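Each structure below is given as structure tokens.
Presented sequentially are two complexes of chain A, the first with chain B as partner and the second with chain C.
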Partner chain A sequence: MESLFLQQVFNGIIVGSVYCLIAIGLTMIFGVMKIANFAHGDFSMLGAYFAIYFLLLISGWVGWIGALIIAGIGVGLIGLLVERFLFRPLLTRWTDIDIIMVSIGLFIFLENGARLIFGTAPKMIADPFHSQGINLLFFSTSMIRLLCFFFSVVMIIFLQMFLTKTKMGVAIRATSQNRNASLLMGININFIYSITFVVGSVLAGLGGVLYGTIFAVFPMMGAMPTLKAFAITILGGMGNIRGAIFGGFILGIAETLGGNYISMQYKNAIGFIIIILVLLIIPQGLFGGRQNK
Partner chain B sequence: MVKRSWMVWMAAMVICFSLMGNHSQLKAAEPFSIGILGPFTGSLAFNAEEMKKGMMLAVDEVNAKGGVFGRKVELIYGDTEAKPDKGVAAVKKLITRDKVLVVGGGYASSVNIATTEVCQNEKVPIVVAIAISPTITNRGFDYVFRTSPNSPQFLSGMNDWLEKVKKPKTVAFLMENTDYGRDGEKIWSAQSKKIGAKELAHLYFEIGDTDFTTQISKLKELKPEVTFNIASTTEAALIQKQAKELNFVTQWIGVGGQFTEAYFKMCGTVCQYAMGSSLEPTLAMKNPIVADFVKRYEAKYQKARPGIFSSQGYDNIMVIIDAIKRTGKLTGDLQKDRDAIRDALRKTSIELSQGKIEFDKNGQVYTVVPSPVQVHIVDGKPQLSIIYPPDRAGAAYQEPLPWGKRKI
Partner chain C sequence: MNQKPLKFFATILGIILVLALPFIIQDRYFQHLLVLSGIFIILTSSWNLLAGFSGLLNLGHAAFYGIGGYASALLALKLGISPWIGLPLGGITSSIFGIFLGIPSFRLSGPYLAITTIGFSEILRLVSMNWVDLTRGSLGLYGIPPLTSIKLWNGMVIKFISEQNFYYVVIISASLILLIIKRLIDSEFGISLKSMREDEMGSESIGIDTSRYKLTVFMISAFLAGFAGALYAHYVRLISPEMLSLGETFTILTMVMIGGLGTLYGPVVGAVMLTFLSEGLRFLEDIVKLDIRFVIYGALLMVTIIFMRNGVVGLFRKKSQD
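What follows is the complex of A and B.
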């Protein structure tokens, strides 16, 4: 017996899990570095293109897993360069608004660069399951969506363990809470910035591979996930990772249920209606913003 | 001394005149520009690129034969990003800054409804290449032409097939929330009422959406026999793929603009049984003009096969150049030349890759006839076949099988 309600909730959870991966990176970077990075979704786009080109060399299962690794490494390196040579020199001298402008410039640059280099034709990352469907008790879905969901959850758990159980993770959280106190405690802030930006970029890149496997890959693909990630970040509280996780799932489910029971036309608007409501009623977000002010 | 300075002046004047002479010669050899609108960036950029390829083939052919009145033809592009406001800005720039005599191209109905209005007000002839909303040519505008069939023309063959062959009892709609989507919806909704089919749902999505599981889950619950899917390449391909993932079976019917090279690459065999009304030039190989077009296209762009948009782009430019040539000569007066081109366009009668092109009194082509096509798997590869009317059909209609029973 299949239920439309459960089916839609499940559709939402799966889409939400991909949103989560992208939004966590965004919120981490905001929390630690105070950068609202509008080019964040374009790191996902780059990850997806890394995967597409890697899959030309090796196809099938090995190719897909290899593509995830290559996309993670590739986007991580790009993130490292962007942080070191673009954002870090600006952080001490420029205001927040300037840096937002720079990130919008980066977004335009990456998108149009991708258009020139990769071409405008939409592509798909080859699904190792060949879109095979699967019937679960109350709903049906595809193997690849299930895999993406589990992969996202595992990544989120790993990240949580990294942030709570390792020295580096504690240092990142400390920097997020109070930059000056962390400096006094002997934490190398610049190093923490690099690590945070790289981890955020890697998550975005991996999210991009999942997104590109379930959906499609094209130079503009980063724009919508960026907007959704901002909606999630505001919903969960700026800089709050747990908020981003719950926010991602809440947005995914709200979109599918809203689309089904309210109106398909306004499916995408739901995320932005949520932003407005959150800002009006609980401006600090569901889980509170960063604690340091 | 006076005499010498007089001579200097004379020399200077001679030089001046000779330079001016040179200049006017230069002007005669200046390329002749045609303004081209299209979504060259944004999610429809790939299809605009196809259109551009067809156009470039036309321009190369004309220039190889000496151009227009001894001048080379050149295209000036205006990017509409598939957004009406950007389209209006782009066409205004073409008209006022680049001073083009005629505007071609255009893609996406919502954009063309806006840009044709600008051209009408500015008295500049515009020939729309790709857009099917009837609104574009039914407002009594006398500077507006269209080389693509409008949606009633596009869908009449499909409507016949629905009425006489398929006779569905239940139908549903899944379409773009744009003029393209809503005009198709109107026509098919009227047809459904006519043949007594029950309309189960009208579901929309936005251009650029990627997740359609919400819509498909709902459709799966309703089980329509036929689902009208009015979408472009990317969205249509994703819908086919996600329908397989959710194990949903229906007879998909699209308008036909989705069947591009990228669509087949993205879908693979997942798009088996999908239908549409199409003008793919490769389908009418019996026609020597079309076959020749395909050959020339494949010679210019290695390994690429011409799709509907490249063929429509080619014809669009050829119609414009044919009209300019028939004006006899250009006066140099912008408005007079624009009017002369408009008058020449009205008398167009030319055989091209889409068939014969003649305009009715609204500037709408009425001689191009699309046919219902279905995706069949031949030797493991998807291929479009005309399935109706019987005198043109190349294959028989195949009923969609459940996913488990498909051989692919």
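What follows is the complex of A and C.
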């Protein structure tokens, strides 16, 4: 019983690490640009499809790593175009409703466009380890899940280093804290916006490959990661990257435990219940940061 | 120049045309589309009341629609309550759920409210899918009774199974609701809503109790959406949890944005246009064998927001307004 509980927590941490990656992208874009991107999960979906098609060319685990790189580049380019031609014209208007609506339009467009191009049948991202299992001290899991976990953790560490150690990263954080002051300090805001959106999209794309490796890939898969990423960012405080990391693990664990001990059918509701409770009781999120209001 | 008589005649002509439509075109499929447009007019107008006039971005509107439909259908199926009473009861049930979204809106705005409302509707959708004893789960409810026939004084019976007769129920309800909304937004209540949309703190400082207004407008909007849902349930007589899906909300908001957000006639134009456009595209789909309908919806929504923020209605009234 106790070992089952620990096993579930462990599974939750692995799934949570993937949620983290997607949620960090969302929270970065929101923090810096004030864009609540409802099409964020569809970038994950696109990333997963990039991976699937790349793995048709080169299989094995070289292919899997290559798929991640291709997915990152592909989704990054799409993000660049989307930021430049869709969101930037709207940023000067400063209305939430337009930005949310346009991202919903993008969501509808990408989801159904993907249905058109890729078909509705769920696909799997080929597992380079052929679903080989592994036993760690108390837990058992599959090799691929463990790899996904390590990859997410490495990416998160890279991102933290990028944001704290590089000049660009500092400029991004400065813009997030005070846009006008950054402008006065000679930071090219539009360039920072592009970089932020691209980095956020790349994270979503990479997260999508991992998400697709653990679960399945289908055109409508994008909505769930989007909503979960929103739950996580609200839990951790909007725009707060550290909050998103903790939030991701908390949601991952809460979902696996809830799915096992409470009800499998309502597993996906846990994220929403978290959103509503957090916003009503601790609107600033667990880790402070910007006030959610 | 006095344009009043001209406007009067145009209105009369319009009313006659709308009333005569099912007689002019006898095709049942066309009449079916007219009924659907009418239901969507009520639904989109109710959403516009929140997002357009009050600035409350509700992305869980399909939940209100679905609750109204399920409530009225279940009352008729399990308790044998007449659908005529079920229509307002469906609205009232929805309106009670409107309180649950109205209260969070006191403190939340913009994206936060949007996400909370999505959460609300997704939770309710999961309930409607998993409470199998009551809702039959994803199979949905079928065999919902149609609106009961009315016996006239001379022994004539009006049945509401045909599209033609149902059309009049829908069109009369929609017209009444539009009239009520017009009166509402021109009243002090509506002006307060609009001032709240533009500047919430400013409105509070001049003594507008924004919380009370938000709660009221949520309840009114939910009532109307629930009413539309009940109409739909007794018209199609088969409902499923799909009614509460995000896709349904997105259809509503696409219609409103294309028609014109925050205008009285925008939702009407959008609802009619998209209902017919969607059927037109269905024919096109049969020819090209591709599922292009929603791709076009998404593209239209993006193009509308970037290039014509005030929708189709905005194109015509640019000169008179602003």
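Just so we're on the same page, the second predicted complex is superposed on the first by the 286 of 293 C-alpha atoms of A that agree within 3 Å, B and C clash if a C-alpha of one lies under 4 Å from a C-alpha of the other, contacts with A are read in each partner's own complex, and residues count from 1 in each chain.
Simple rule for what comes next: a residue touches a chain if its C-beta (ideal position, glycine included) is under 8 Å from a C-beta of that chain, and two chains touch if they have at least 3 such contacts.
All values reported here derive from a predicted model rather than from experimental measurement.
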Original post:
Which term applies to chain B and chain C once both are placed on chain A by superposition, clash or fit?
Top reply: clash
Original post:
Given the touch rule stated above, what does A:K123 touch, chain B (first), chain C (second), both, or neither?
Top reply: first
**OP:** Check the residue A:Q160 against both partner chains and state whether it touches chain B (first), chain C (second), both, or neither.
**Re:** neither
Original post:
Touching A:G105 in the superposition: chain B (first), chain C (second), both, neither?
Top reply: second
**OP:** Once the structures are superposed on A, label A:N268 by its partner contacts, choosing first (chain B), second (chain C), both or neither.
**Re:** both
Subject >> Partner chain(s) touched by A:L227 [first = chain B, second = chain C, both, neither] >> reply: second
**OP:** Would you sort A:R115 into first (chain B), second (chain C), both or neither based on which partner it touches?
**Re:** both
Original post:
After superposition on the shared chain, which partner residues are touched by A:N178: those of chain B (first), chain C (second), both, or neither?
Top reply: neither
**OP:** Considering only the touch criterion stated at the top, classify A:S194 as touching first (chain B), second (chain C), both, or neither.
**Re:** neither
Original post:
Which residues form the common part of the chain A surface touched by chain B and by chain C?
Top reply: 112, 115, 265, 268
**OP:** Show which residues of chain B lie in contact with chain A when the two form their complex.
**Re:** 41-43, 45-46, 49, 177, 203-206, 208-211, 213-215, 217-218, 221, 233-234, 237-238, 241, 244-247, 262, 265-266, 270, 403
Original post:
Given the complex with chain B, which residues does chain A contribute to the contact?
Top reply: 2, 4, 7-8, 11, 14-15, 112, 115, 119-124, 131-133, 135, 140-142, 144-145, 211, 214-216, 218, 220-221, 224, 255-256, 259-260, 264-265, 267-268
Original post:
For chain C, which residues count as touching chain A in their complex?
Top reply: 51, 55, 57, 59, 104, 107-112, 114-116, 118-120, 122-123, 126, 129-130, 246, 250, 253-254, 257, 261, 290-295, 297-302, 305-306, 309
Subject >> Contact set on chain A toward chain C in their complex >> reply: 30, 36, 86, 89-90, 96-98, 100-102, 104-113, 115-116, 223, 227, 230-231, 234, 238, 263, 265-266, 268-269, 271-273, 275-276, 279-280, 283, 292-293
